[in-house]
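My questions will all concern the structure given below.
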Amino acid sequence: MSVAATSQDAMLQASGVSIRFGGLKALTDFNLTVRQGDLLGLIGPNGAGKSTAFNVLTGVYQPTEGEVRVAGQKVNGWVPHQINHLGLARTFQNIRLFRALTALDNVKVACRAQGALHPVRLGQAAKVGTALRNYRDWWRALLLTPGFQREERELTRQAEHLLEVMGLSHRRDEEAKNLPYGEQRRLEIARALGTRPKVLLLDEPAAGMNTREKADLMVLIRRLRDEFSLGVLVIEHDMKLVMGICETITVLDHGETIARGAPAAVRSDRKVIEAYLGDSYLESHGGAA
Amino acid sequence: MSQLLQHLINGLASGTIYALVALGYTMVYGVLKLINFAHGDVMMVGVYMGYATAFALGREAQRSLWGVVVIFAVAMGGCALLGFLIERFAYRPLREKPRLTALITAIGISFALSYGFQLDIGFLPGASPRAFPEVIVPTEWFIVGDRDVVVWNWQVISFLIAVTLMGALQFLVYRTRFGMAMRAVSWDHRTAALMGIPTDRIIALTFMLSSGLAAGAGLLYAIKDTSVSPLMGLYVGLKAFVAAVIGGIGNVPGAVVGALLLGLVEEFVVGYAASTWRDAVAFGFLILVLLVKPGGLFGRVAAEKV
Amino acid sequence: MATPGATTLPDDMAGPIPPALRGILPVLLALPVLALAEWTLGASPFATYLLSVVGVNIILAVSLNIVNGMTGQFSIGHAGFMAVGAYIAGVTSLSFKEVALSFLPVAASDQVLFVVALLAGGACAALCGFLVGLPSLRLRGDYLAIVTLGFGEIIRVFVQNTEAFGRALGLSGIPQYSSVAMVYFWVFAVVLVARRIAGSSHGRSLWAIREDEVAAEAMGVDTTGYKVRAFVISSFFAGIAGGLFAHFVPIINPGSFTFVKSMEIVVMVVLGGLGSTTGAIVAAIFLTLLPEGLRSLFGALGAEGSLAQKVDQIRMPVYGVLLVVLMLARPQGLFGTKELWDVLPRWLPRKKKGLT
Amino acid sequence: EKKTQPTGEGGQPSAQVPAVAQGGGTPAGNDVIVLGEVGALTGGQATFGISSRNGIALALKEANAAGGVKGKKLVVRVYDDQSKPEEAAQAVTRLITQDKVVLILGEVASSSSLAMAEKAQAAGVPMITPSSTNPTVTEKGDYIFRVCFIDPFQGFVMAKFAREHLKLNKVAVLQDNKSAYSIGLTEVFRQKFAELGGKITVTESYSQGDTDYRAQLTAIKKTQPEGIYVPGYYSEVGVIARQARELGLKVPLMGGDGWDSEKLFELGGSAIDGSYFSNHYSPDNPDERVKKFIADYKADYNGAVPDALAALAYDAAWVAIDALKRAPDTSGPALRDAIAQTKNFPGVAGAITLDAKRNAVKSAVVLKVADGKSTYVTTIAP
Amino acid sequence: MSEPMKVLGERREFAPLLTVEGLQVRYGAIQALRGVSLRVGKGEMVALIGANGAGKTSTLRAVSGMLKAAAGRITLEGKDTTSLKAHQLVPRGMAHAPEGRGIFPNLTVQENLELGAYLRKDTAQVAQDMEQGFTLFPVLKERRRQLAGTLSGGEQQMLAIARALLSKPQLLLLDEPSLGLAPQVTETIFRTLRDVNATGVSVLLVEQNAHLALNAAHYGYVLETGEVVMAGAGKALLESAEVRRAYLGE
């Protein structure tokens, strides 16, 4: 079940990735390719290694083996913000918003970071030269040059647009921490989009939403994929959602990939049922989707 | 050679004092994540309490065993109370507030105590240092040649006390319900309350414990260096805090090891390099340690799960 | 609660002012004011001195606020940077004391050299800030704090052991070039910088780091880079403050830059409200004038007899107690993370927030 | 803010009234002369600042009891500077501009005095420092005076004494690296002692506030000196002595007037016996006024015995008072000239004659410490 | 200020355990609860559903003493507990598995569980119950020495529930227990809840998955913007058109 080798249009590609925490093998020989327009699912029992996979892809953890490529670039050893600049954005399983900032500013941070001039390679970060170059842009902020003001207004516009897309315009000036759970999740997505990603990783976006909101979310995710021409990778425990929107689903268990394929195939896969869905699933949700 | 040995002894002796004070810092930090800047000054107050008691007892009594016990009891008890009051009125009201605010009140109390005790008004002792009575009659326990190397009884005593305390605290924190509660509270006292832990009481007790400890440490310190002064807390406090960080603040054995190391480093800088650079080297050492081990020698920076 | 540094410029200045002008407008407004201030105060040495001290503390507080308040990096070694600035600027001025730029009138050339000295001090401090900022690549929270503290102490010891810096006695004979106008020009500068950073995307990145480093990193914010830059800017102004200090205090010695001084600055920042520039300013003014005020108060109370001798002793303990009281009274700081105009009473004109 | 004066009779409402009131309701009429004092009343040096304050207060009390100066009462306004130069400068500026003092006394620490001198000189208000020994202080200008030794002299005295009287060949030095006073004395001592053919084995340092000097002493011990020069303040020296003996260093310690205090014996106990220090006067001096001074001081400050700083402050105050008496008026220049003419003024800390450099020319006595008191050994002239 | 709300189906009678009347909660300016009234009987399982931000979590927080009620009255077994602190309620048989799990990341799994039984003296029994918990969630047994902070999201959720059960509560408050759990585990948990409830433990359950919750619960309340707008027997609510539209997206 290995993936088509480095085809150029692969925006995100993991090959043979493994990571170990002390004794525990959290992820073993993980392969994945995300192309523009893909809408993929990543499921598996709790502790299977899904979030860990996200962390490895985004540079939060460094893989013990294997390599990760973003937009064709090998990114092993890079730090998250560098990888993000290549077009990889994510949300977090347990929400990590900038709690004291308004919804608008949360998004603006992300929008701006893209402008961030010189993505510095790790290790180089300390180099005086690079550090100094980064000050140029500060001067424009301090002198409040017309160009800079234009930029700022442009940022605000973008951010407001994203809030609107995610249906959060009414929360524009609310502090993130005061938003109810579901809206916080959507704000996280808006923020991720702010970084103008080519690939979007969503870690349990529907957690804490009621069935109704989940339904809306499904529509939304599809829409985002098309509107922003993204590749999307979703972790989710809500089968209705995953099966509903994903074209291909990868199933992890104990860090191993135990299945990959179309929803229908995966749903009826014996291994998957044992490890994850459980028999009862067939009865209750059998009809669904 | 004999000189090296003497330096070793001196270093350990002053390290021991740092250790005893550092333990207090580490305990409070452990449960509240608060750098209790007033700790050193609480210690100072304790020493003055002991000083007063010693005088009340008079020359003979203060040297008798029970006399010493009384002195320590009064000082430690008094400081425990002081610690309780400080926590109750200066820190607890800020429990829900950003950590830095409590830090500021700590600084405020530190100023109030250290400057207050410099006043020569009423019972306050005034700025000039006093000689601390020899409540533990100093006797050499180990001499080489014509006092080429000298070890004193109080040096050994305080060292043993320090090590025992370390053991005791380590046990308290990691082997007892109280300790488990402490660690729970230190993470999040609201959730801890959901477990039925009386958080306020736990925190208050921790403070009393650490303050009482400070008094004890202070007395041993005063006995060692034979003098009391209102600013003694400031200097020792800072060093002890550094020691605690070197060891990994919040970590009990770390505090002691860090303190002993700091004591030795300082001693040897003075002994074999330039004494004028002692403090610089001490802090340089600290920074070095942190650059190599960002969490201190024993501290672990918990890799947060994302 | 408003967003830290609620999106200020340019949004809420959106109005008649043409964009091209906005950048320099405040400067144009400030200069005549400063001139006026100098002209009126030149007469009273005490007022001048006091105002200068206040000004320096404002610069220190506001600059520290960039690191402690906005970026959430806990630095308690600010006095160290101040010392660097003070001594470098001091030595520079001393060595150029006799020099005069021929093409300028003496007074003017002095001021030019003064500015050069200040910038030299600021630059060196900034460099130190860069070096101290680097550990923040690895260190978090209180561990970073203790490193900054250590740095401050090391600087002190270094000065204490250097003949060129006058060792314990200190550096005296530095030409007293400073003036209220000069001090407050820099006050103005640091405030402008702080506010414009806060209002700019850079500011937002700093807030983001303070709120959640992992998330900021994931959203493409070069966290270490920004932290280091925050340190550099903040310590540059600390250096300037030191330089000014050295040019109106007749003698600088290591005792003026202990960690207690650093603590006083931290207090100003926290009391003002972490991240609130105006808060830092108000707190700095208040805490600097407080001891002088107590002096007058106590003096007025017990002018005669033995108490008169003691009143000044009581100041510091009282100062300490007041800190506690103030903090208990306003735990979130004077203005929280808001700015003055956010907390002004309703009927006063406020800056409007966000685009409309 | 109070606007009426307590003893306001005759206090004509002048422009300066509000300022003075702010300065603490000075009875600023024709009937009082306001002096200013700056000292460290809090912080690391408080103990010295407070001694000085007490000495001055005593002097003024006596003067006022004796009818004041030209029928006017003397008042002193004391401001704390936490031994920080910037605070000292601020305080002195306040004294001059707000409290309109005619003359300024202080400081102990030379760095603070330098800061004050700058301001006093600029304002043309005379200033007398009781105990700042750094030569540069009085070089600030013709309004700045001092009633104590300067570092070079004391260093020279002890070097001479150690070499010629005690016949020491090898001496170690332990200096307070935080105190300009200590550093100043050390430099001169080392130089002179070498000139006189002696050898300095090692120079170690501590910083004010330390309480553990064992490391330095152990290092010193290794060099087997015949004596140790410790030009610090009694607050540390006492403890140093104890620890030296504890480590088996039995050689005599030597120091300067910073030692002079009862506390030295309390802190040092028997350990300090057999040590020597240079001083302005010796307590067992038969001179009546010295006895009286000590008695009065004890009486006023619940039994505390005056230290050198108290004595010098007391003298400084009296020099000021004397000048005020002689001067035609209390204007700066008049006072300056009056002070400058001080000759053989009988101070409790030795007779004071101010030289052209406005420094006190005094001969120093060397005292020996033995069982809880210091006894006269010899006098060494400049 | 509880105005007329819609009630469907009739309620099975239980001896009263928890009663909440006119409960109000504020976060600074924001009023999260505007007079919530509800009842939980002995041995009853009550579900609390509602959209995001309706005030479900706030309700639980107030009941368990985490939040101070701005107004209203809370009684447990007839005794007024409105002003009691969280740790005073635990000995009265209250257990709350809070939103966001509230585990102690700096403690091991084992220690987290022991904290659950902090107030219990019957050591032997505790050990037994812990084993039972492990059979319920085998993962936890594997990881008992691991720092709880490094558990996966779902594993943390299991830990939180297991811990809550260990205090042998008579009233169990659960805030979105199924959050982030694999379907299978969700099944297990709800099965467990039924068992626990069957042994006489009352349960007040906040769930986004209205389907699951209302199926399991005897009785249900629907919360909207801080007010109870509807109540009724679980099944009855499930049938009702409003609920189906609003929360089941049908």
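First chain written, first letter: the chains are A, B, C, D and E, and each begins at residue 1.
Keep this in mind: a residue touches a chain if its C-beta (ideal position, glycine included) is under 8 Å from a C-beta of that chain, and two chains touch if they have at least 3 such contacts.
Everything quoted here is computed from the prediction, not taken from an experiment.
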Chains contacting each of chain C and chain D, listed by label: B
Residual chain groupings, excluding chain C and keeping positions: one piece
Chain whose mean Cα position lies farthest from chain E: D
Selected interface, B-C versus B-D, where C-beta contact pairs are more numerous: B-C
Chain whose mean Cα position lies farthest from chain B: A
Intercentroid distance (Cα basis), chain E paired with chain A, Å: 31
Geometric centre distance via CA averages, chain B-chain A, whole Å: 48
Distance from chain D to chain A - Cα centre to Cα centre, in angstrom: 73
Residue numbers of chain A (touch at least two other chains): 51, 60, 92, 96
Residue list for chain E, restricted to those that touch at least two other chains: 150-151
Shared-contact residues (touching 2 or more other chains) in chain B: 115, 118, 120, 274, 276, 279, 304, 306
Pairwise chain contacts, counting only pairs that touch as defined: A-B, A-C, A-E, B-C, B-D, B-E, C-D
Chain A - residues contacting chain C, complex: 58, 60, 79-81, 84-85, 89-90, 92, 96-102, 104-105, 108-110, 112-116, 119-120, 125-126, 128, 131, 134-135, 137-138, 141-146, 148-153, 155-156, 172-173, 175, 191-192, 194-195
Chain C-touching residues of chain B, taken from the complex the two chains share: 29, 35, 37, 90, 93-94, 97-98, 100-101, 103-105, 107-113, 115-116, 118-121, 238, 241-242, 245, 249, 274, 276-277, 279-280, 283-284, 286-287, 290-291, 294-296, 301, 304, 306
In the complex with chain E, residue positions of chain B that touch it: 177, 180-181, 183-184, 186-188, 190-199, 302-305
Contacting residues of chain D [partner chain C, same complex]: 1-2, 6, 21-27, 41-43, 46, 50, 53, 57, 76-80, 82-86, 89-90, 93-94, 96-98, 110-111, 114-115, 117-119, 123, 134, 136, 177-180, 182-184
Of all residues in chain E, those that touch chain B in their complex: 64-66, 85-87, 90-91, 95-96, 98, 102, 104-107, 111, 114-116, 118-119, 147, 149-151, 163, 167
